[in-house]
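Below are structures written as structure tokens.
One chain, chain A, appears in both complexes that follow, with chain B as partner in the first and chain C in the second.
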Partner chain A sequence: MSGPKPNELIEKIDYNPPQKGWMDVPVKIRKGMYCYASNPKSVEYVHLPHARPWNPLEEDWKLPDNWKEIVHNAFRERLDRFRSFKVFMDICVRCGACADKCHFFIGTGDPKNMPVLRAELLRSVYRNDFTTAGKILGKVAGARELTLDVLKEWWYYFFQCTECRRCSVFCPYGIDTAEITIMAREIFNLLGLNIDWIATPVANCYRTGNHLGIQPHAFKEMIEFFVDDIEEKTGVKVEPSFNKKGADILFVTPSGDVFADPGTYTAMGYLMLFHYLKEQGLNVTWSTYASEGGNFGFFTSHEMMKRLNSKMYAEAKRLGVKWILGGECGHMWRVINQYMDTMNGPADFLEEPISPITGTKFTNAKSTKMVHLSEFTADLIYHNKLKLDKSRNDNLIVTYHDSCNPARGMGLFDEPRYVINSVCNHFHDMPRNTIREQTFCCGSGSGLNAGEDTELRLCGGLPRANAVKHVHEKFGVNMLATICAIDRAALPPLMDYWVPGVGVTGLTEMVANALIMPGEAERTTNLRGEPLPGMEE
Partner chain B sequence: MNVKYMFSLVAVTLLFLLAYVGVEAAGLQVLFGIVIPYAAIIVFIVGVTNRVIGWARSPVPFRIPSTCGQQRSLPWIKASELDNPFTTPGVIARMFLEILFFRSLFRNTTSKLGEGPKIYFSLEMWLWLGALAFHWSFLTVIVRHLRLFTEPVPFWIGLLEKADGFFQVGVPGIFLSGVVLLAAVFYLFLRRVIIPQVNYVSLSQDFFPLFLIFGIAFTGILMRHFAKTDVIGAKQLAMGLVTFHPTIPQGIGGIFYVHIFFVSVLLAYFPFSKLMHMGGIFMSPTRNLPCNTRAVRHINPWNYPVETHTYEEYEEEFRAKMIEAGLPVEKE
Partner chain C sequence: MRLDELLTQKKTAIIDKWFDVVADTYPADTAGFIKRQKDPFANPVGGTTQKSLTVLMDELLGEMNHDKIDSFLDPIIRIRAVQDFTPSRAISFVFSLKKIIRNQLNKSDFNDHRILAELFEFDLKIDLIGLTAFDIYMKCREKIYQIKANEEKNRTFSAFERAGLIKELPGSGPELA
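And now, the complex of A and B:
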């Protein structure tokens, strides 16, 4: 990999803040640490304002003339609409408990990556514009005026936050930087200051149903390619259905799983699992219209999130399914768990989810009517509905990365661990301070998994990678399991960089490798085409 | 960097002089003993109420608790009712621990980057301990002071005093709460100066209440143990205030007026400052809501219809390709 070597990155980390106060240190937008500006066509496609070509490195950002007014009004509107935002602007005591909880701060040492200071970037302007004390006392009260430099600083640092919410776990008042970042990004969008890695997937998703812009026929072809691959490796021909009216369950998963390794193996896993369960009464369909679980609209604005998310319920209604099953994805599950029903519900045209195999009622999802695949699979295994040969995964020494959103926006911890322990013999958790609700972000979440900000991603991923390294050295861990499509895209290069020798897998890939399919040929390789344990030459 | 706390230190010193000189030299007992305390209480009550109403006016459009434990899902998986509460009693328990024992702060760790590189995490209890010591001792001190505002004094205040004066050091006995408060404030100040990151994010307004509260505790202890202020007089004044028959008793000195002036300033400053975290914690949507959004629909009062890309529009664009690929379509 080009760019700085690991030791060079480490040497750059300096936790000592500069002599000058933070308000006097102007922002320097540095290569490798930011994402490119959005393609105006993408912005236009979804009718977001002020689409134009612009470059963060240039002095002139080609802002609308009344940009200050736009920011001020947008700020006020959000204070009036979100109690979270208002309370979080007011009550921080700057105790610093959040400071070294942020992966970007740990990985860069940049003080403006401390969650408290990231929020202060906004709060300082809030005090100036909206509080009496700030208006009278100015800088003494920690207030400052909004200037172009301040806006640029906002932009730089609110695209150095992955909305992972780790800081909110430690904050004595639960101040959630993700919430603040979300508001900041909403404001950027009103000025046309989007980043392309978010804006273009959003436009794609709006048009084709998925972030990658895969059109319906191509989506089907890609899945059919997996079908062939599965047949080659297992001798079983799986038969997925698409856009099928009258199916019982609609399956939605991130399109990343269809597109790139190692997510593709997870997608193959889904296909095999559903095929396996078909005879037992599972009637599931994929949709090309709702072919995206993820939601980059969430990283754009609440409104954009709602616009993209609407497809899931709309498609479920059109196809007449009973409920929705969701695949392995991180932020997708925060959206489903904490937003979907509120935004696009009530889903009164669906039924309370019941597993057709075990009869288990998923009462925890009785309103949203959407179940996580890990919940679904854990329930199957618990009821002995899957024939599994754990030893097929004996070459793997596995650890598990809790993805931020299912962790801190849902609390999905034991289901995936139960599944992992049911399909493999060697599992070791990473240290307690780095898993479950304290899990570290991959460093690439919230739309930051672009190529041009690689250095940022490597810095941000350092704490995660370091914990993997610990179990890699201690237990010989060679596989990092995860239930997030962005993780599956972002963690392999992160591992190669910091912990060579550790691969990345989805959960369902491991399940599928262990799954004894009826009528299967002797399995000699796993889904990746690597020899199974005992089948090496 | 020093500017930040120097500014606050100077401000508190000036406030001290203002009250002391005002009483001792200018004889403004009525101003500092009656007018300002009343004004401060009014500002406090009106200000805090306004602030809380202001927060309450903004709706909670989405239910966004930080889930810090296992969710409730399958019956055989043990859910964490405290850190991922599904029910209201769970939320109450979570809030109770949060508000009274700073549970989130209790999780605090510190990270260090070592050779290797290796990141080390260790439990960092000092902030939690310091914060607990500060808030609980302050509360004890405040409750103890109710003795001056009640007649007859409720028995439990006497009990509290007894417990607080348990060590029976000196005459009059030292109250543990006062000493702990002073020490805790000093600790909170020190960490703001010494820990580089905390220092970097600190504002003048982070030091100001610390100095002010230090001043309050210090003048309090001074009066009790050194300046020996007339307690009877102090009580007379306090009772006068609460019964709305304010009087200025003779024989209480400048330090007393400084003490209540500091308290008045703190009260008046409260609604406009970060001290509002006291009210805010009750309103924090990442803590005070049940994590049951998939089971119980949360209503967003301003939920509005949005522009979407419908299936019909989608099929319209891709119909030919869909038919060719054998995908079912609505309109042939």
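And now, the complex of A and C:
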């Protein structure tokens, strides 16, 4: 009998990927790793160009005929407008310090997810189009022409970056690949190439004030439902106020807290905390119009971010409040801290925030006029203004996930930990190189929190989950606390896959469970309706 | 000498080679990183692989405790089930061990009937781990699909449902998904 022998056959099976230069590896758009194209209606609604149905998996992306010209001009315009972008294009020495710091590289194992290479995708075209060396030497100088395949590669990989900025922490030149991604995504939007998980929330937010497009009456009804639920569990009827003119403080939080579990329990926590502080002089109101702290405009373009952010300040002005208190949100804080002031500020119609309860001046918020709830709560606890029964959280062994934006975007590291340690008895931090400024992203930020890209999100979340798994096995950690609504939505499935047995909570949910409310009935369950420690049947 | 003793002596070298086989299923730049970075939190793929392979080798040379094999094979397959591998490439590393072990033997060992018989048995144990890997792989893929299907429903939907708002908002949940 002739034919190959079995071991010859086995030799032919090559499990190793081909080793080629990155420019010669063509992009392969894999299911589970990308998000669906934007709904044309959403694109049209905010007047962005080239709205059309298109499918990333199809050969023809139905681009406008002059798409190359559009990209070239947009690139040039941004090089002129954003000095940081120009500098980032020029100064990278390819030292590789950032290369292995991205959760998407670590999790997918795809070299094009190394931040240096991600930036190089764009930089190679920059060299070709805008530098003399690149024009003359071409590929030798790391330059390449913009082709349809290059554009597709950009799209695939700039939607595999959560703009988390972890890489920038390690770059000796401070190159921030997140900003490069931001530019790339702006350019995509000029070609109608946004993803729907961003485009539709943006349109909804622009129209009704929040990502889900929930109208004011439904927003109010949802909160009223929480009020009933709180009464059932604590015996206390809280009385929130809505759109109240003349309130001292406007409270803005991501709509996810109001509409998506387990953020809803955190929202109930806000309501209880505000009610508790009412007698001590807190006069705070919710807005059913500025009903979104998140800002997916940030993942679309600078202009869109400005547009959506302005709503919050317009509402603060309309209601005549003194300052704004912000809930547990992630990228809202990056927008506030990094952009708000030059974008829609100065908000000089507001006052420098002072806690009406403790008299503490939040000098860090002097220019933005917006205080993070964790700072506010930490200050209350520090001044002994909250009566707390820590033992109610004794069933929880907690660790804390530093959300990228409050951590790297505003340096909020200690206040959340202080709050957690004040409301529960068992807290264990994850390993040092996975927390604080080195925190690993949840893998779902910057609008990538869709269902269709589950594989991408699970890969990107691997380094985070791996560190949770460590404290889960070592200390029995069963609860992952976080101060970001995207985290509260993204981490439960991540835990479900990588570390079953670990739940996800907001900080204020734990605060509310420990909070001894005046006039409360005997508390037998937590806000989730689970029996409190010692109250099990 | 018996095969087990021989392999026990060379255990570290075998695990190292096995580790390299796993690392080399990734593109060269990634493989280099997986091999170089020893911190398990900076390099979860490498850290998990090292831990898994060490225990699996111990079990191959020892009890072949099913629960232990299952629980240490799971993390490494779980990673490969979400990454860009075909099912066969995701679990192929298990079978690569056969070749690694043969390369550790001297030519004369292949004339030793006792060693050959033991080698045959050892191969069967590797096959068993390979089959377990396949089961785990399928379980992981099913989990991924379940997550995809349930996620949106669980999050937004159940909150609306609890509040009794579902009827007022036809289609608002799934449309975003």
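Convention: the second predicted complex is superposed on the first by the 519 of 537 C-alpha atoms of A that agree within 3 Å, B and C clash if a C-alpha of one lies under 4 Å from a C-alpha of the other, contacts with A are read in each partner's own complex, and residues count from 1 in each chain.
By definition in this document, contacts are C-beta pairs under 8 Å (C-beta built on N, C-alpha and C of every residue); 3 or more make two chains touch, one makes a residue touch a chain.
Quick caveat: nothing in here was measured; it's all calculated off a predicted structure.
Visitor: After the alignment on chain A, I want to confirm one thing: do chain B and chain C clash, or do they fit together?
Guide: Once both complexes are aligned on chain A, chain B and chain C clash.
Visitor: Considering only the touch criterion stated at the top, classify A:D496 as touching first (chain B), second (chain C), both, or neither.
Guide: second
Visitor: Which partner chains sit in contact with A:P64 here, chain B, chain C, both or neither? Use first/second/both/neither.
Guide: neither
Visitor: Applying the document's definition of touch, where does A:G142 land relative to chain B and chain C: first, second, both, or neither?
Guide: Once the two structures are laid over each other on A, A:G142 reaches chain B alone.
Visitor: Go through the superposed model and pick first if A:P56 touches only chain B, second if only chain C, both, or neither.
Guide: Neither partner.
Visitor: With the two structures laid over each other on chain A, which partner does A:K244 touch: chain B (first), chain C (second), both, or neither?
Guide: In the superposed model, A:K244 contacts chain B only, not chain C.
Visitor: For A:T264 in the superposed arrangement: first (chain B), second (chain C), both or neither?
Guide: After superposing on A, A:T264 lies in contact with chain C but is clear of chain B.
Visitor: In the superposed arrangement, which partner chain does A:N433 touch: chain B (first), chain C (second), both, or neither?
Guide: both
Visitor: In the superposed arrangement, does chain B or chain C reach more residues of chain A?
Guide: The partner with more contacted residues on chain A is B.
Visitor: Can A:T200 be said to touch chain B (first), chain C (second), both, or neither?
Guide: second
Visitor: Which of the two partners, first being chain B and second being chain C, lies in contact with A:T454: first, second, both, or neither?
Guide: Touch partner of A:T454: chain C, not chain B.
Visitor: When the complexes are fitted on the C-alpha atoms of A, one of 116-124, 170-178, 206-214 or 260-268 in chain B overlaps chain C. Which is it?
Guide: Only 116-124 shows clashing C-alpha atoms.
Visitor: Of the residues on chain A, which ones does chain B touch that chain C also touches?
Guide: On chain A, the residues that contact chain B in one structure and chain C in the other are 13, 15-17, 19, 99-100, 106, 111, 114, 221, 431, 433-434, 462-463, 466-467, 470.
Visitor: Using the touch rule from the top, collect the residues of chain B that touch chain A in their complex.
Guide: So the residues of chain B in touch with chain A come to 1, 7, 51, 54-64, 66-74, 76-80, 83-84, 86, 98, 102, 104-105, 107-111, 113, 117-119, 121, 127, 131, 191, 195-206, 272-274, 276-277, 280-281, 283-287, 291-300, 302-303, 306-311, 314-315, 317-318, 321-322, 324-328.
Visitor: Of all residues in chain A, which touch chain C in the complex?
Guide: Chain A reaches chain C through residues 13, 15-17, 19, 25, 30, 32-33, 99-100, 105-111, 114, 197, 200-201, 212-214, 218, 221-222, 225, 229, 259-261, 264, 431, 433-434, 450-452, 454-455, 458-459, 462-463, 466-467, 470, 489, 492-493, 496-498.
Visitor: Can you name the residues of chain A that touch chain B in the complex?
Guide: Going through chain A, the ones touching chain B are 6, 10, 13, 15-17, 19, 21-22, 47, 79-88, 90-97, 99-101, 106, 111, 114, 116-117, 120, 131-133, 140-142, 165, 168-176, 179, 206-209, 215-217, 220-221, 242-245, 288-289, 302-303, 306-307, 310-311, 314-315, 318, 336-339, 341-343, 345-346, 360, 362-368, 370, 372, 375, 378-379, 382, 407-415, 418, 431, 433-434, 436-438, 462-463, 466-467, 469-470.
Visitor: Spell out the residues on chain C that touch chain A in their complex, using ranges where they run on.
Guide: Against chain A, chain C makes touches at 24-30, 33-34, 37, 39-45, 47-48, 78-79, 82-84, 89, 92-93, 96, 140, 143-144, 147-149, 151-152, 154-156, 158-160, 162-165, 168-169, 172, 175-177.
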